[in-house]
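In this document, chain identifiers A, B and C correspond to the written order of the chains, with residue numbering beginning at 1 in each.
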């Protein structure tokens, strides 16, 4: 290279190379290009930046902590249970106040079950028998309550009976009451505290209004008009899902309470507040008998004076509330901005690519523009002479 | 077209069309362009690739399984409960060792409650009465413990009393002890097993050091110096959140234990290890009396010899630990790499667009460069002659 | 500017500026460019669009609700418990049917524990003693069951004994049975209802086949051949994870049931169905004695006739099932499409950048092409004259 070469390289390093353009004085293509430019720019500004806020980095993996607390008492008077008052410790399962909680609204109680033998319930198809040989001993009854002892129990002179089983006896036989036991549960309230944090932005907030008014939370109720009070009346929650409380109280159900945080952290933190949505999460199944509603069985265990265990079996129907939190936060970030601006500029390239096609192939004078746009140069084995002649000709075309 | 046309097309198919550049020997713009190029390249390499690792495909939807096991016993001697030893089965709710568990640290016990009538607690505002008509029978006391029977119970000759209610009697009257019952809970330990899996990359790991030393987990304790031992002392966890254990033990609280996995799967699997963060999740509420701390009520049910149910009501204050796992894994993937390289190249286009503007409009000799950059061609109704003349003129400008 | 300038601006507004290209009649570079173009296009169409479906907007933050219901009874006959039948209320913890449930398969029962003093278990290393001074009173036994009373209990004339402790006595001493108590749990079934919703697309579905056949869910079992029946036999689930049921039933374990929804919402909703995956989530730990298997302790509390509390302590071994739902839905969206097309076009730019390098620096006639591609213009202090001469020379080079 030598010093001269180095100097040349150094000089050319700061030469600015700019693309040479051919100005095609063609109004149609020009207009088309401007239209494309304007639409791409409009799309970029309006849709990508204003509506979709693609200039923001988003965090959708929020951390959330839920504390729930149900309040309310109700009084029932039934033939099986007598006069009874139900308070929170009685009807909320589990008691801890987590994000999933269940409120008993209906009960089938089978008291004083002991481990012994009795007749299987007649409502279990597999337990029907005509004679002892229909009840192979030791075999559990399919979808039943115990294991067969080998005897077929028939009442009086009936031809048909049910197998004797070893089980928690007597077995549950009562069917679901058609009127909910705790229909008054609609007036219970639940207080939902939600604490969220977006780890990417280290931003945290709660759904409880930051107020100094100590009585606010004692007296308020959530309603679309009062969205900062996270105390919900169960009956209202059910009605907001479009369900009927009495119907869901009889056969049980699952209700989703969705708390949605959609936070633009480029704005003030107070602009970041939750919205609540209420959905019934089991009503798709109502057609299938096996899967309608929501219920489960649990038992309370006791010991008698002789130390023998007995239990009360509860088949609890009720409403399970699933508090689900989801959200996203967005904050200005240079990388998505650049990716989107870059994509927009590349899109402009797509626009001029399309206009080039029109100019070169689809308009009347396209042949003329093609010659102008593309300058043919040739080198190689054909020799310089030929090239020069061609170049000259191309020059003459311009001059002609 | 004919055979000649086909041949021409075939030939031109492998012509390489390259943009024609005008070299503007202008040091200022050249320098500007080089500066822009260098900054974009630096940004791309340093920020996008090295810091943000945008060449990686990321998976943020990890699957996680948590097993927790609390250990520790403590002894209390109070007037209500007498001498009592508390073990894990007594103070951990629920017992299953899931990711959310509650350790009782303080208790208000109301033993031997039965379904009968008694006076409502005087601390319930709605229960105050002067005469029987203040207690409409059958109506529940708002935020109270039962339904009114219709009588107003006044002690001695007091003017004011509380309504008689049908409820679990006697009602809870004791207030929260100011000294935690289980203050020694600070020495309990919890062992947290965490198994994670990133489904997109089919990568799974646990937070327990893969060691052959059987005594390691028997003796170790987690500390910032010993991060591979997932056995946490409750008192230390509370202190790491900046809270005072005795204070949280009295009124309860929620503590989040966040396990964060940030794994670069392009490195060795052993480089992928969890980090632990400890946060108090309820302290924002401390100003509001209704929402300070964390407590819930539960009951243990018994039957007496006559088969009548009675219960012991517990109002449990304590610490709920929410073990939350979040994480992301990244692995080299060609698609995000290409998107980012593509955006970078497009960004270079933005750079030259900017320099073009400067060259053509903002420098002294911009008019000269504009003429060089843009070669005006015209075709159409004006006739070829005019064009040719113009072209010739433009040629002459160069030659002149 | 004047009116003439405005008119000129208006006219030039609709001029179309198109880049001027130099056609290099070089077959090698031309072929190289075409090859690059074809590969980029193929990559874009096949990988980005067909395989990765990058033209879709995706939603990975799905909302999900799980209801589980275990069915089955089993009969055991052991020396401690006698003849006993186990039903769902006995062996499922917690009973509510949430997404995490535990099925007891093995039990260590310590009945009739009362708050009193007894000897600590000899299996606790810290409790061993030779004389009373080894048992400082009031101090809890590390990893033990109670607090020391100060006495060292030695049987007969043995030199070594264990400290007397105040605890729930007698302490748990039995070791884990080697044969599972509820080995028949393998024939239990669990019905898993899953309701999902993709909030971004407002699309919801369940995993239960939408059938009018009422007997379908009564009789079906899930199998790879019958994927629309969400009723799982526990034994099959365990075997699908590659584990042995008897082994996991003895020492417990955690099994993850993953429900994966991968929905292309551009297709029919019926094409969006779940896939099930079964994993053992604790087997990594099997080498460590402290962390093998899964068990926890819980107690049932009773009162005797005198009102004194006693309890039965259960150390439950069993299988915890974690039903985890994850999924993503994709739907055509213009923004990711544009970003990806834009990136593809930018990639083409990378291709021509590479070919330019080859053309200008790496082929034989590169000097010739360089001169053609770059048209040097110079302005400034050198005066117009010099420029014109250079321009003329460059023109002459072409003409020569």
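The working rule: a residue touches a chain if its C-beta (ideal position, glycine included) is under 8 Å from a C-beta of that chain, and two chains touch if they have at least 3 such contacts.
No experiment lies behind these values; they were computed from the predicted model shown.
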Copies chain A and chain B touch via same or different residues, half shared test: different
For chain B placed onto chain C, the superposition rotation in degrees, Cα atoms, nearest 5: 120
Chain A and chain B, separation of their C-alpha mean positions in angstrom: 16
Two or more partner chains touched - positions in chain A: 17, 19-26, 60, 94, 302, 305, 339, 342-343, 346, 349, 369, 372, 374-375
Interface residues, chain A side, partner chain B - complex: 12-26, 60-61, 63, 65, 67, 69, 71-75, 83-85, 87-90, 94-98, 112, 191, 193, 195, 197, 199, 206, 208, 210-212, 214, 217-218, 300, 302, 305, 335, 338-339, 341-343, 345-346, 349, 365, 368-369, 372, 374-375, 398-400
Chain A-facing residues of chain B, complex: 17, 19-27, 29-34, 47-48, 52, 54, 60, 93-94, 100, 102, 115, 138, 140-141, 143-147, 166-168, 254, 256, 258, 260, 279, 281-282, 284-285, 287-291, 294, 296-299, 301-303, 305, 307, 311, 313, 320, 322, 324, 326, 328, 339-340, 342-344, 346-347, 349-350, 352-353, 355-356, 359, 369, 372-380, 388, 391-392, 395
